[in-house]
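By letter and in written order, the chains are A, B, C, D, E and F; residue numbering begins at 1 in each of them.
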Amino acid sequence: MFMYLDELSMKEFKENVNENTVVILPIGAIEGHGSHLPLCTDSIQPEYVAEKVAQQTKALIAPPIRYGFCSSTRNLAGTITISFDTLRSLVYDILSEFLRNGIKNIVVLSGHAGRVHMAALRLAAEKVVRENKVNIMVLSDYDIAYDLLDSDESIPNDDSHSGLIETSRVMAIRGDLVKGKGTAGKDRPPKFMVLPDPEKYFPSGVMGDPRDASKEKGNEINDFIINELVKLIEDMRER
Amino acid sequence: MFMYLDELSMKEFKENVNENTVVILPIGAIEGHGSHLPLCTDSIQPEYVAEKVAQQTKALIAPPIRYGFCSSTRNLAGTITISFDTLRSLVYDILSEFLRNGIKNIVVLSGHAGRVHMAALRLAAEKVVRENKVNIMVLSDYDIAYDLLDSDESIPNDDSHSGLIETSRVMAIRGDLVKGKGTAGKDRPPKFMVLPDPEKYFPSGVMGDPRDASKEKGNEINDFIINELVKLIEDMRER
Amino acid sequence: MFMYLDELSMKEFKENVNENTVVILPIGAIEGHGSHLPLCTDSIQPEYVAEKVAQQTKALIAPPIRYGFCSSTRNLAGTITISFDTLRSLVYDILSEFLRNGIKNIVVLSGHAGRVHMAALRLAAEKVVRENKVNIMVLSDYDIAYDLLDSDESIPNDDSHSGLIETSRVMAIRGDLVKGKGTAGKDRPPKFMVLPDPEKYFPSGVMGDPRDASKEKGNEINDFIINELVKLIEDMRER
Amino acid sequence: MFMYLDELSMKEFKENVNENTVVILPIGAIEGHGSHLPLCTDSIQPEYVAEKVAQQTKALIAPPIRYGFCSSTRNLAGTITISFDTLRSLVYDILSEFLRNGIKNIVVLSGHAGRVHMAALRLAAEKVVRENKVNIMVLSDYDIAYDLLDSDESIPNDDSHSGLIETSRVMAIRGDLVKGKGTAGKDRPPKFMVLPDPEKYFPSGVMGDPRDASKEKGNEINDFIINELVKLIEDMRER
Amino acid sequence: MFMYLDELSMKEFKENVNENTVVILPIGAIEGHGSHLPLCTDSIQPEYVAEKVAQQTKALIAPPIRYGFCSSTRNLAGTITISFDTLRSLVYDILSEFLRNGIKNIVVLSGHAGRVHMAALRLAAEKVVRENKVNIMVLSDYDIAYDLLDSDESIPNDDSHSGLIETSRVMAIRGDLVKGKGTAGKDRPPKFMVLPDPEKYFPSGVMGDPRDASKEKGNEINDFIINELVKLIEDMRER
Amino acid sequence: MFMYLDELSMKEFKENVNENTVVILPIGAIEGHGSHLPLCTDSIQPEYVAEKVAQQTKALIAPPIRYGFCSSTRNLAGTITISFDTLRSLVYDILSEFLRNGIKNIVVLSGHAGRVHMAALRLAAEKVVRENKVNIMVLSDYDIAYDLLDSDESIPNDDSHSGLIETSRVMAIRGDLVKGKGTAGKDRPPKFMVLPDPEKYFPSGVMGDPRDASKEKGNEINDFIINELVKLIEDMRER
């Protein structure tokens, strides 16, 4: 019936939100994803997944955050990153407020999967969990998607940022925003080095080879993620 | 041609964004607005205004922030407030990143007009302005709308939160989210007192009388705001 | 009997301070107020009001803070501003300590009325109020004085910083610090713009026309403020 | 001619304040000082010294801060302490603003001599000094007064908080605020222990024996401090 | 000749430390590692590696930090964790000071490999790298060791905390601190859930099966790590 | 039996650590100490004392922190200082974690005795003490050693940084790290001045005259400190 948390009125909120309610908080980024994918690539993926999952689980979707923490892609044209501390505080504040409003089952679903970005989300959730009794799950939809790297032979092992998976998924979600096939980016920044300019190892904004991407592949991957997440939410509800 | 900043690809960003570009950052809130208006009332108004203004000024719209700082309405059902410091940091980070990407004309447009909330936005902007050469305008669309309190006799002088103006505007923007006529809320918290429970003076979530609100009135007010803001942006561009 | 909180000894404090005690915390600023008014203009006004109100209400006056947050006047000669965060922490710490010492009725009275400055005071008070049971009132004496803009025809509508009201009040309080009649400042910074140099629109440090100011007018305004504040304190005591 | 910095107008400030100007910032505390001395004991001493020194050196006095950091006396009735971080930020902000206004010679003169309180002042000054070219001196007038412990046989070696020196000085400065002779407090908290209730070792608020204090002794000590400080300022000016 | 940075005198430091110097900063943790391994398990491994690597590369070793950020093991007996912010600030301060002293090649080598812990180290390094020209490498020796999970069939795929690798390594480094063979811990906390008590899924403090661990295996793994790290440092020096 | 806290396993920790356990946290610095003493001078002294005291009192020693806050010696070659806030947070976190693990008797023993450095340690301890019931002692071994300045005529009154006491102690602890006799440094920075370059008054890194230092003297002083600290710990245990 309802899908978006903030479309409810005060009365509807009081009548419909209770300790069984699951709320999904989609988090994205504004990040350079090559010349074939839009800056909102990491935002539209979890927002799409959230909608499909909400339909199946009757979860509510909180207003998405399209601002994330980008590190190695920071200098690509169009990347708008917020600081680690801001991201952590933002997510902490929102999770705390969910709790103050009686919400006890929360999924923080990030389209951006950077390790430090994810650490901000986890730290926020850990603080809330230590202060309150609540179920919180923190994941990137890419934590699920990358399981396919081993099982799906059509996906190159080194597929990553703006690669085959990501391009296919965006083709399936917002095909109008995909401009051409993209170019392959085979280099990577040297391991373990912390660099001011890591983008010089992938100036195209691509890590992987998106040229065989397709809408069909995208639908397949999206469905895989949606199904997995539905199961995870069902498990969480039973805790 | 483009309206949403993050729908651009890296290439499109490089080709289309320059120091003449105007970017609008809409900021809303998730806030109890009575039983007739949705929690997203303060979000959908500036997002609507931003779209109309962007059409006329060729501005780009950055991903809206639907999380704001709510003080007197904090305890109303469904209000999700972030802290002052988080809001300030979030806006500061985003404005700084606009600049790092070469954007020099920015409008921070808030649908929520709380004084402390607006102070957070101004502080963020002041810090950026002191560090860089850039045009930043910070306002609530209610800063413009409330000019009508004096000039438009059909609007009660004490119209405020969830009142005639706000209800009319939402009727014009997302009529499907308006549930009934609302109830009048005539009391106010005592002046100057800082209270833990100011909402007990307006438990309905309404300050004012929304019962004569109409879609037509809403269109009229929205147009007034849009026109004024277009003029302000033109002035800013000439600075 | 006692007027200044910190002139009490430990013994006198224990015998005289209890949960009925009202404490007034005057807050000022060091801010350019034209060439006819002293930098302490915003400090001496609330300190004077506090003394008169304390006589009538038996309130105690805490040591005044003459450091505030100045934004648009920051670049005027002699302005010494502290940061928003420092001001907020300072007031929060002091209010918390009043409570730790058993004080339950507090008036934060600011001579400086800048919106962001006032937001710092309100945020400090809101935090205390949320953590404790206590009555706190936060206001500027100009919140009261500006009620006269509508009711008193002898005061120009656009009277503001260093204008007729302020000059008259200082003439009544510390006439020896007023040097001449001042000059009229009719311009204002453009609305909503956040500028690094707003003072270029009022280089004289005056917004308004102080030339008709008089000691008599000042006494009249001061009395009006004092009476209103006495009433507000009586109301607070009964809460 | 001028003594108090904030009594100047903008014009007077521009004409009289330059890089040779010395500004004294007096810092005090609101701290239990036994039943014979007022809570403002640590404030009125440096304010008195500052006035006398300003007369001799033509220094300007900035508005005093009567809020300091109290540790072992925190639980004495009437003690109002601000946090270490607030004190440090406050002093840092003010020193920075002095510099922004062209002031290059500053004396931070504290009446409270607690080690951690003094560390806050020093940290603030060190940060400013590292960022700018400026002369800053940070001291307590007790750093000077305690030199007398060795040289003046009339003062007991263990004289300390509210003892003979302090009582004598307050008798000389504000005799009307001294109530009786005070009582001797011979115990001390155990060395090196960090306690939640150190005051239980000196519940009277006195460390030392004030019973032989006199106004004459106070004048003598005050003069000694004033003379020493005048010399220190002269040395600083020549740097 | 020298191995430990802080065993140098000022003179030796000036003569021997220059922009070619490599400094290794070992970081560990105090963390429950089952009943067979000591709390310092994550500290002694990188300290041992650092010594061997320093011998081969003439690097200097900075004083190790034995305090890290532990999340899922926090509630195990004996775990002493510092906060994320403290760890980040500590590493940032130290890296900044290395730079202030002219050091331009730094290896941050952590024995603890928790994702959030590593994010703190990376954030610290990123900030330094953005402000200065310097080579910084941030890694856990387990980033290298876990490469063996694929290539070495004698190591179980799910080997982790206190498992075969870790137990073998400690046997080789400080065999006297290993008490018995340990017990196998096969469960894991549920994926993506943020829990207040994750240790209930591995109350023994072991994730993996240490029972086939041996000193010989440990020497083999340690040598593998040492050789890889020597190569990485040589690559870094040539950048 | 055990001496180092982090050499225990989880099982040993549970069996041996209880509310009677005393834990010593040694804190040092990396600080220029002339050309005859190593940078770790302030670290090895409290670590040595801690070992000897632990033997006599069955205390456990937590992993030492060799990073402290250095102010006047900051610009000497090799000094690595962390910020005041980092040091305070680090010690606060560790003390809090000791408590979370049931430890109730803690000695924070610093080899560095700088006033601001010690203030950081005290502030950390005060915060813990205010939140919990626990015995914490904070001291520098130099707080004890400097008692000898009055009683021991063989030590010059102005002995200080890198002087006779310190040199003798390091000769007794790690004679291999002492290079020659050192040079006398008789100057001192001017009193009360906060300087960016205080080291220009003691460019050799020595304040005092170390030339008559001896291993025998060092043993004598170390024994004095050890005996005093053992007594202090016994007193603490009885509280």
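One rule holds in what follows: a contact is a pair of C-beta atoms (placed from the backbone, for glycine too) under 8 Å apart; a residue touches a chain by one contact, two chains touch by 3 or more.
Keep in mind that this is a model prediction, so the values were computed, not measured.
Visitor: Measuring between mean CA coordinates, which chain is farthest from chain B?
Guide: It is F whose centre lies farthest from that of chain B.
Visitor: Under the over-half criterion for shared residue numbers, do copies chain B and chain C use the same patch or different patches to meet?
Guide: The interface of chain B with chain C is built from mostly shared positions.
Visitor: Compute the distance, rounded to whole Å, between the mean C-alpha positions of chain A and chain E.
Guide: So the centroids are 30 Å from each other.
Visitor: Based only on mean CA positions, could you tell me how far chain B sits from chain D in angstrom?
Guide: Chain B and chain D have C-alpha centres separated by 49 Å.
Visitor: With chain centres taken as the means of their Cα atoms, state the distance from chain B to chain F in Å.
Guide: A distance of 56 Å separates the two centres.
Visitor: Specify, in ascending order, the residues of chain B that touch 2 or more different other chains.
Guide: none
Visitor: Quick one: label the inter-chain contact graph as line, ring, star, complete or other.
Guide: Per interface graph, the chains form a ring.
Visitor: What sequence of chains forms the ring when you start at chain E and head for chain F?
Guide: From chain E, continuing first to chain F, the chains appear as E, F, D, C, B, A.
Visitor: List the residues on chain F that touch chain D in their complex, please.
Guide: Touching chain D from chain F are residues 71, 84, 115-116, 118-120, 122-123, 125-126, 129-130, 135-139, 143, 190-196, 232, 235-236, 239.
Visitor: Going by the contact rule set out above, which residues of chain A touch chain B in the complex?
Guide: Within the complex, chain A contacts chain B at residues 4-14, 17, 30, 32-40, 43, 62-63, 65-67, 76-83, 85-86, 89-90, 93-94, 97-98, 101, 177, 179, 205.
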